[in-house]
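Following: one structure in structure tokens, then a few remarks.
Order of writing sets the chain letters: A, B, C and D. Residues in each chain are counted from 1.
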Amino acid sequence: MTASSHPAEMAISVGLLTAPAPRAARAPVQRTVEVIGRRPVDAYVELTLAAPEIAERAQPGQFVAFAVGGDTSALLLRRAIAISTAEDGVVTVVVSAAGPGSTWLTERQVGDTLDVVGPLGRPFPGPPAGARALLVGGGYGAAALVGLAVRLRAEGHPVDVVAGAAAADRLCSVQELIGIADTVAVTTDDGSSGRQGLVTLAVDELLPDAGVVYACGPMPMLRAVADAATAHGIPSYVAVEESMACGIGVCMTCVLPIVGEDGRTRFSRSCTEGPVFGGDRVRFADVGTLPWDVVGADAMGVVQP
Amino acid sequence: MTASSHPAEMAISVGLLTAPAPRAARAPVQRTVEVIGRRPVDAYVELTLAAPEIAERAQPGQFVAFAVGGDTSALLLRRAIAISTAEDGVVTVVVSAAGPGSTWLTERQVGDTLDVVGPLGRPFPGPPAGARALLVGGGYGAAALVGLAVRLRAEGHPVDVVAGAAAADRLCSVQELIGIADTVAVTTDDGSSGRQGLVTLAVDELLPDAGVVYACGPMPMLRAVADAATAHGIPSYVAVEESMACGIGVCMTCVLPIVGEDGRTRFSRSCTEGPVFGGDRVRFADVGTLPWDVVGADAMGVVQP
Amino acid sequence: MTATETRGHDGHSGRSDTAVDMRTTLGSAEIPSPVLTASGCSAFGRELEPFVDLTAIGAVVTKSVQLRPRSGRSTPRMAETPSGMLNSIGLQGTGIDGLLTEELPWLAERGVRSFVSIAGTRVEDFAELAERLRGVPGVLGLEVNISCPNVESRGEVFACDPVAASDVVSAVRAAADPAHPVYAKLSPDVTDIVSVARAVSDAGADGLSMINTLLGLVIDPDTMRPVLGGVTGGLSGPAIRPVALRCVWQVHQALPDVPILGMGGIRTGLDALQFVLAGASAVSVGTAVFNDPSAVARVHDELAAALGERGFTSVAEAVGYAHR
Amino acid sequence: MTATETRGHDGHSGRSDTAVDMRTTLGSAEIPSPVLTASGCSAFGRELEPFVDLTAIGAVVTKSVQLRPRSGRSTPRMAETPSGMLNSIGLQGTGIDGLLTEELPWLAERGVRSFVSIAGTRVEDFAELAERLRGVPGVLGLEVNISCPNVESRGEVFACDPVAASDVVSAVRAAADPAHPVYAKLSPDVTDIVSVARAVSDAGADGLSMINTLLGLVIDPDTMRPVLGGVTGGLSGPAIRPVALRCVWQVHQALPDVPILGMGGIRTGLDALQFVLAGASAVSVGTAVFNDPSAVARVHDELAAALGERGFTSVAEAVGYAHR
């Protein structure tokens, strides 16, 4: 299935490869936590937080949301950051300084405190029994796969990883993943590390052996990986990154057109119904539009063409 | 003259003791400067700034204005802080954590940079030849008198200082002033340091010997000191602290009813026509009102009662 | 602070031990706290459960519901702005059926009070919604979101025209459960908010909710096009607080007997206090919830403390105090 | 950074070496930069001299002048608000005589262009001011501040009524120097800004300045009374930027040929770019000057760089680009 086809009908006729990701086991908490480690890694900064109540609740694929800018901040909205690892009371995140909020986060020092809500969102569902898992991370998206890789290996699944980025300094968590996974392939757009090209170069080679695919990274990458997996008949789960005002499910800003279990497409919240979605359930090509077959589009005056 | 009488008429009939403070010799600059020292002193924090271009321009009585809150700040307006000392390229200020902006300032650390404009406002005019000077500081207002005391002593004037505050931990710069002045008297409202009572206790005793009075501190204190000096026929200069949006004279938020050289009262900007005003030129009792005899009050619909 | 978590934001922590009587009313309905959620900013309350004791807050003001399910607008639906944000959700929701079968029973089972926001594009829609909400368990009353385009008047927003606004309110008042107070939610985007307030209160509104968002726009410097899918959007958050307070002040001054549910940029107890002093007998906390999911409970506690410190023994005493 | 001062904010530093043609017009008047001061936010320019090359900016838009000297309102005159501020200055000034004898000659001697803002409470006041400014050296044109109470209409603000606003504008256009473009400055506190814009442009306005402040209020939690001496005040600063941009967008959409001087919360070149893309052919920097006295020059430089990076060769090309 390509994303531009009509998944609503297809879902009903042929069915999808994935089930919607189930809710997390435990509810989030809000805490003031201390930064206990800060490590610049190439283009990113890794922050380590003493956050036992979040760590004990977190599952791979979930994220946290930080208040940014301090007491005098003009930035009202929290910033969502994927959890990289959560163990022994410690949560690790990798932050890229994109705009003012994430830049502020990267400037935090050991001993500073942060107001954080988490863990948020739905975790990656487990793989089919015995399946070989292919994990694909783009840029800092690879960080979000570290905890997943650990869990999969602990459960006895073979794990292949593909980490890609624009350039070597935008790769992330490669050392950690090498220590965990069976194989790690690296691609960069400019060839400054690993093979030159997009992650799909490596993904296409590894897909035939995979029983499930997990991906985290920019939307175009998720789309390419999900499409490739679906074309091979392999279930895929993608962790999307959509602009979020609340992160907890109350504002409806973060929606994507997602095909539900009944085959109908709804605008679903990526914070609470995602960020992990079945790769064949995200209508990538329709993101940013209002397709007529989304539930309730008729009430917006959009009619079947 | 008491502040509640009609100074406009009195000024014409009897004249005032002070001339308006003249402008500063040099224009202000805007610079990013580094914090090179930070010292908590009781309830305050003293910050030392490497700011040669400001230091070389500054005269006692002037102030600087800091941008507060950093890059993500919701606080748009600068905070005015009196210059305590300015020598050898270094400017010292004493900050009291009152609200969010001043609290942020007190949290700056050595190595941080600050965006500062200064020196601003008119300095204290020099004393009559050979006059004994009485300097009166309330709370952190005493800090603003340190540079003045140094200059007066260097010019050969005897200097008496009265420093007052609500309690011992709200006194300021007393050690520095003891090292400079001929005498230093201390009063506190609660008697926790020096004599118990208001600064006027000590001021009343020292006034008979004074040829000029300089004061900096809260409005009620300035009013009491100015009234006492005027009653003794002694010229006084007060550095006022009025809420300022711009600090440079362009917004008209910081006005006080001030008697001009022509004896007429105008709403004058405390940032550029002050903060130093002749103590007998400030109509303290009328602050916060619109007296009919202020120039242009008629156009506001206020008529002579 | 040690390297452990502190529990600074726990909405479940005990309310501050103050003697201030925090009870107030929404029209005829008594509520134990003057602090409510704001429509569209806490969905139907469920997601706040981990952070707030929903039974202790004044009420959950639910996301505006329409008759039919609505997809809402295409994304992007939000843009952050200095001390605020723009949104163009487009009233996404499952419609009145979903509300009646899913959301309201969930709230009622837990003893959570709901104040149901209704919206429509024709007067009859509003009346039908009010009708369907008659006698529904747990429903305290109705908030009428008239900041919607009126399809019968070339899309002009009901709230911007005193006549259209009154038509909606009188139809709702006539159709609604007599036990349900009807609050009209006003838009600040008008030349004279007092005249709209007077018109809807003459038309039978039992109270006024003020304010809805201000119409705003942000252009993306990269794409060089409006950020929002809907081009313009609603501005909310602390940035608009002075405008909201001015509206509450003006309307309370003109109509001191009309109850006001105040909102717009409330983030702290002292913000809420300003609204109460200006004339609001209850307040909604909207966008601040996105920053702090426990904001509604925290604002209650902070407001109670602030009232106590100022010598008030009840919130009622403080309503409109700044006018005295 | 070493422990020495850096010169990060020097308004006198050379303009960025860009090929972008920054010339624009205010009606018929050519100006070398699209970035101006905002009325009331830079007084008459003098105080900015240490920070900005006044001859290089578009123009100094002077503090609104009335016929007679005015004391302005009692203090407090300002309240800081999230990402903004309220002011209630009350148009303090020395009146037209002071302007003509003190301020305008000072500017003209230095070759600084002035765009003179005039205000009044009767239509005749505005006309008389325009008349007295005919042929004055250095004056480029007039900005008509109609956000003033109309004494002949129970104090309703001129800008809130298309008819009253048009009366002022046509009287000014008739009395003013024919070489002086007349810009009407609009208030955002109206239900339909496009109708006011259309009315004043039909009445002869050569351009529109948008927007003036929004009416707001802040209550002091300690005194429990409004902070400002004038009770309500005008809200300005980045907080209102989305509202200002929406007004510019709507009016440019409806009246693409009417030149717009855009303002409201502009702090950076990218903010100014948004206004240009929305339809402004020039911009005023107001409250941001209080934060950064060199803001007007800095915004010019940043805007020039931003236009260049986006492939524009002139500011004119970018005007209204977001509508295309």
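Here is the rule we use: a contact is a pair of C-beta atoms (placed from the backbone, for glycine too) under 8 Å apart; a residue touches a chain by one contact, two chains touch by 3 or more.
Just so you know, these numbers come straight off a predicted model, no measurement behind them.
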| item | value |
| --- | --- |
| Remotest chain, chain B as reference, centres from CA atoms | A |
| Between chain C and chain D, centroid-to-centroid distance (C-alpha), Å | 35 |
| Separation of mean Cα positions, chain C and chain A [Å, integer] | 33 |
| Geometric centre distance via CA averages, chain C-chain B, whole Å | 46 |
| Per-residue overlap in chain B, given as positions that touch at least 2 other chains | 74-75 |
| Of all residues in chain D, the ones touching two or more other chains | 82-84, 237-238 |
| Category of the chain touch graph - line, ring, star, complete, other | complete |
| Contacting residues of chain D [partner chain B, same complex] | 1-10, 40-43, 47-51, 63, 66, 68-78, 80, 82-85, 87, 89-90, 92-95, 229, 237-238, 287-294 |
| Residues of chain A defined as touching chain C within the complex | 27-34, 36, 50-54, 67, 74-78, 113, 115, 117, 242-243, 245-256, 266-267, 272, 287-290, 294-300, 302 |
| Touch list for chain A against partner chain D, complex | 74 |
| Touch list for chain A against partner chain B, complex | 68-75, 100-101, 103-104 |
| Chain C to chain D touching residues, read off their complex | 79, 81-84, 86, 160, 189-192, 214-219, 221, 224-226, 231-233, 235, 237-243, 245-246, 249, 265, 270, 273-274, 277-278, 306, 310, 321-322 |
